[in-house]
Amino acid sequence: MPEYETALGASSLKDITLLGRDLAEDVMGSVGFGELAFWLATQRRPTPGETRVFEAVLAALADHGFTPTAIVSRLTLLSAPDSIQGALAAGLLGGGSRFLGVTEDCGRFLHAQLPADLPTDDAGWDELALAVVTAQREAQRFVPGLGHHVHKEGDPRTPRLFQIAAEENLYGPHLQLFAAIGRVHPRILGKTLPLNGAGVCGAALADLGLPLELLRGFALLARTAGLMGQLAEELRHPVGNEIFLSVDLHNRSVAPDPYEPPAQHSSDAEGGRHG
Amino acid sequence: MPEYETALGASSLKDITLLGRDLAEDVMGSVGFGELAFWLATQRRPTPGETRVFEAVLAALADHGFTPTAIVSRLTLLSAPDSIQGALAAGLLGGGSRFLGVTEDCGRFLHAQLPADLPTDDAGWDELALAVVTAQREAQRFVPGLGHHVHKEGDPRTPRLFQIAAEENLYGPHLQLFAAIGRVHPRILGKTLPLNGAGVCGAALADLGLPLELLRGFALLARTAGLMGQLAEELRHPVGNEIFLSVDLHNRSVAPDPYEPPAQHSSDAEGGRHG
Amino acid sequence: MPEYETALGASSLKDITLLGRDLAEDVMGSVGFGELAFWLATQRRPTPGETRVFEAVLAALADHGFTPTAIVSRLTLLSAPDSIQGALAAGLLGGGSRFLGVTEDCGRFLHAQLPADLPTDDAGWDELALAVVTAQREAQRFVPGLGHHVHKEGDPRTPRLFQIAAEENLYGPHLQLFAAIGRVHPRILGKTLPLNGAGVCGAALADLGLPLELLRGFALLARTAGLMGQLAEELRHPVGNEIFLSVDLHNRSVAPDPYEPPAQHSSDAEGGRHG
Amino acid sequence: MPEYETALGASSLKDITLLGRDLAEDVMGSVGFGELAFWLATQRRPTPGETRVFEAVLAALADHGFTPTAIVSRLTLLSAPDSIQGALAAGLLGGGSRFLGVTEDCGRFLHAQLPADLPTDDAGWDELALAVVTAQREAQRFVPGLGHHVHKEGDPRTPRLFQIAAEENLYGPHLQLFAAIGRVHPRILGKTLPLNGAGVCGAALADLGLPLELLRGFALLARTAGLMGQLAEELRHPVGNEIFLSVDLHNRSVAPDPYEPPAQHSSDAEGGRHG
């Protein structure tokens, strides 16, 4: 008979433990929600400074207004008002590569660039960043975390998160490299792009030592709180039906366009990803 | 052209606001994650006491080990490891009436029983609770929040949450009535049942003035942090494949059992719910 | 050690069976997809006539253009293009009480009204329908399946499905009662409403002897094919980003509106649903 | 004001069209569900032979017993019985790279290997297949569709689908190459592996000219019918609670294992996927 090990929640007749602690006595009333989320994900209790940086990241990522995920949650609530869990889940499903993925991509990217021996001063970081940006450019790939479609002159979250991390002595190599990329990239790209908020959040989460495979998950946790805000507002000041009608009433019926498969050896053929 | 109003996130070239505040300056670094979630859902900033009770509730509901939602998240990660958002969403979809719904049911139920003029002492609350339990019994309905399949002698979260709420002067009418139900129900039901943790959480959230329609949503927010813990543990100490095999290897193929529709006027016919 | 019984798929070294049949030899190549879905859900193989009515229902429910579910799937694909499963799942989550629920509500409602001894002629059905509509009106409840916001003079799917069911000798008591409701309701309601397509589909599915608890599921199955169409079109002729921008660019930031909980004994208090 | 074009469903006061056809008159009653799904996805009506191959693929992929997706759907129904859409959606979310992805991977892989000038006889296909398998081996990558953990001596679906495709004159280049891989791979790999059913389905779908980006979607459509079967069986012969208990009752509480981030320049660092 298999046994399933876990260090998370466990119950007996009289006790409930979580992460080896007594849930009622040692967690409830004394552990904040951000701290708890960090603890659950790493099985180690964060310091107050780590909690502050972590919660700053969650705040930065919680809500950005009418994003696709917010619209999706509101429309799902409109369509299935009996199922809050469905509206939340539908919203989270938009948390993929394009809108919420930058945080993870940036954290992973920066991590992959760090050498075993880290630079020890800004000049060293700039040198590393120059090599990184040059290599990406030569490979015709973007640098994750660079550029923003609205905040073209700078994303206000970025300097603030650098500052908070510095205050807590958590300005580690991922943030160092990210900052250096911000300094040097104009020399290679010929234009100045902002370091965006999603990217700096990925760098900060990586410096907190959180699992790189789960960085997107923290963005989703933050977004869950944001979607609760969206749903609460939708219940009181609904816009979902108006959004639906703005689309439905402006549909235009067109003739079918039969699909033709691409010719063999088309340029988007890339081989088996899992092959 | 319709306009869509929101008090949540908004961006311009240089600024990002959230709930009317400057996100970078006024929220990041100074607002905790539980506090932020409360604020987003109600559009009012909670007091420190409200935040403490709210975060105690979130801690109480975050993770209970190998619940169906946890198993579902782990199996979905096993099956689709490329999509953390899918694993989280799948887990949340189990947040329905049976496992996570008690919090909402209890909060709504208690609210519906409160008279315009509230009792002013324990005797008054006991009298109200006696009437409430008697009415439920006569209608052959359970009292939400009463009973637990493991903690038969008492759920340790319940007295702790009463205590925390009292410390913060947030022991309001929903908690009062719930406590009174705990005191009087043996007289009517003839046995002593524990007040369970999910129920007391619903009472506490209702006393915090949170929207009753969203109480399940707060349980889901708590659970999102718990599922992150489950997924993080699954990545390092996987049990998903063993769970899958424990089912798949013990399947037994049986002959089809052709479905017969129920006779007309069967007892489970209940009329159009939305009719 | 528990064993898990199933009559569905089973595999051994050389064989795969499904519903007790050899999948490769007896199912692949000879069983259509609608027929298979019916068989899987009921564990009995439908007749050709049953399959024709069932597939007519699936066609009627597959796609209705830019419904909330379609918009949600497209926006989720926009946001997470790496996860087709997420885009489909998000779309299905809108299949709740409001937009896709009528089929189930109508089937259940009609079933609940059928007496043990069924009428034997139109006059008898009309009498039953009069009683049913009168009772709903007195209870101030709608009759499921009656009325449509676009097809005010008649939903073209309704007479067609009646006709197909009649051709296949599958015009049973649920369709009989639904048709009678269509004939008599103006006498009680004082106006003529169309019998809508979602409703007649529910009646037809109930007459096919399908499980009432799963009628919504068949609407979701039909919708899955429709969502595949939506996603295929979105990949080639995208509108998702334009929909997103039409909302995001027309947002208007307003001041927070702090939530006030309802007074005690508000009229929407309804007691514990699962109490 | 933007307009949103679609060739799918459209409604006016009296009419409903789908793909430019009158839904009630031209689709309901005469178009099968598999045929309709193909038509929706490609906006062209398949021939009877194409429909037969397509439906054979859907049958092959519909259900494989207690897969993770089936278990997930059943547990979600257990936990949230009020939401069939949630149980279906949760099951589909497991349709990712590992369990349902082979169909898409194999179709894409084969397509990418096809030269502009196709071989004209088996010897030519074998030569191409030898080159393909050799290249994969040298790159230390698997060949998608090759191997099966149960059907080690051959997957019965594979020869059957080859046969059906041949009967319908739809044995195209993807199936040709896949068959050739089956013939030649032992020469390079030194052992004989079966061509699996998920792989041959991908080849057949690609030969039908279906969009490669959506091949996984067709597997999900098939699986939706399978999950309906799982849910229908769960409602009548439930195993979900027993599965849940088999895990929960065999949990073993262990001490937390604090997470240590990987060292810099760890071998799994791969750079920004979207960088």
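Every chain is named by a letter (A, B, C and D) in the order it is written, and numbering of its residues begins at 1.
Heads up, the rule we're going with is that a contact is a pair of C-beta atoms (placed from the backbone, for glycine too) under 8 Å apart; a residue touches a chain by one contact, two chains touch by 3 or more.
Everything numeric in this text was worked out from a predicted model, so none of it was measured.
For the pair chain A and chain D, chains touching both partners: B, C.
Of all the chains, the one whose CA centre sits at the greatest distance from that of chain B is D. Our note on geometry: chain A versus chain C, Cα centroid distance of 36 Å, whole angstroms. Between chain C and chain D the centroid-to-centroid distance comes to 25 Å (mean Cα coordinates, whole Å).
Each chain gets one centre point, the mean of its Cα atoms, and the points for chain B and chain C are 29 Å apart. The multi-chain contact residues of chain D, meaning those touching 2 or more other chains, are 1-2, 4-7, 10, 41-43, 65-66, 80, 82-83, 85-86, 89-90, 93-97, 100-101, 211, 232, 237, 243, 246-247, 251, 257, 259.
Taken as a graph of touching chains, this assembly is fully connected, with contact between every pair of chains.
Those residues of chain C whose C-beta lies close enough to touch chain D in the complex are 2, 4-16, 18, 22-25, 27-29, 31-34, 36-37, 40-43, 52, 54-56, 58-60, 62-66, 70, 83-86, 88-90, 92-96, 100, 150-157, 159-161, 163-164, 167, 197, 211, 213-214, 216-218, 220-222, 224-226, 228-233, 235, 237, 239, 242-243, 246. Residues of chain C that touch chain A in their complex: 1, 65-69, 71-72, 75-76, 78-83, 86-87, 89-90, 93-101, 232, 236-237, 240, 243-244, 246-248, 251, 257, 259.
The touching residues of chain C, counted against chain B in their complex, run 1-7, 10, 17, 19-20, 41-44, 80, 82-83, 85-86, 89, 93, 97, 101, 105-106, 108-109, 111-116, 118, 136, 141-144, 173, 206, 209-212, 247, 250-265, 269-275.
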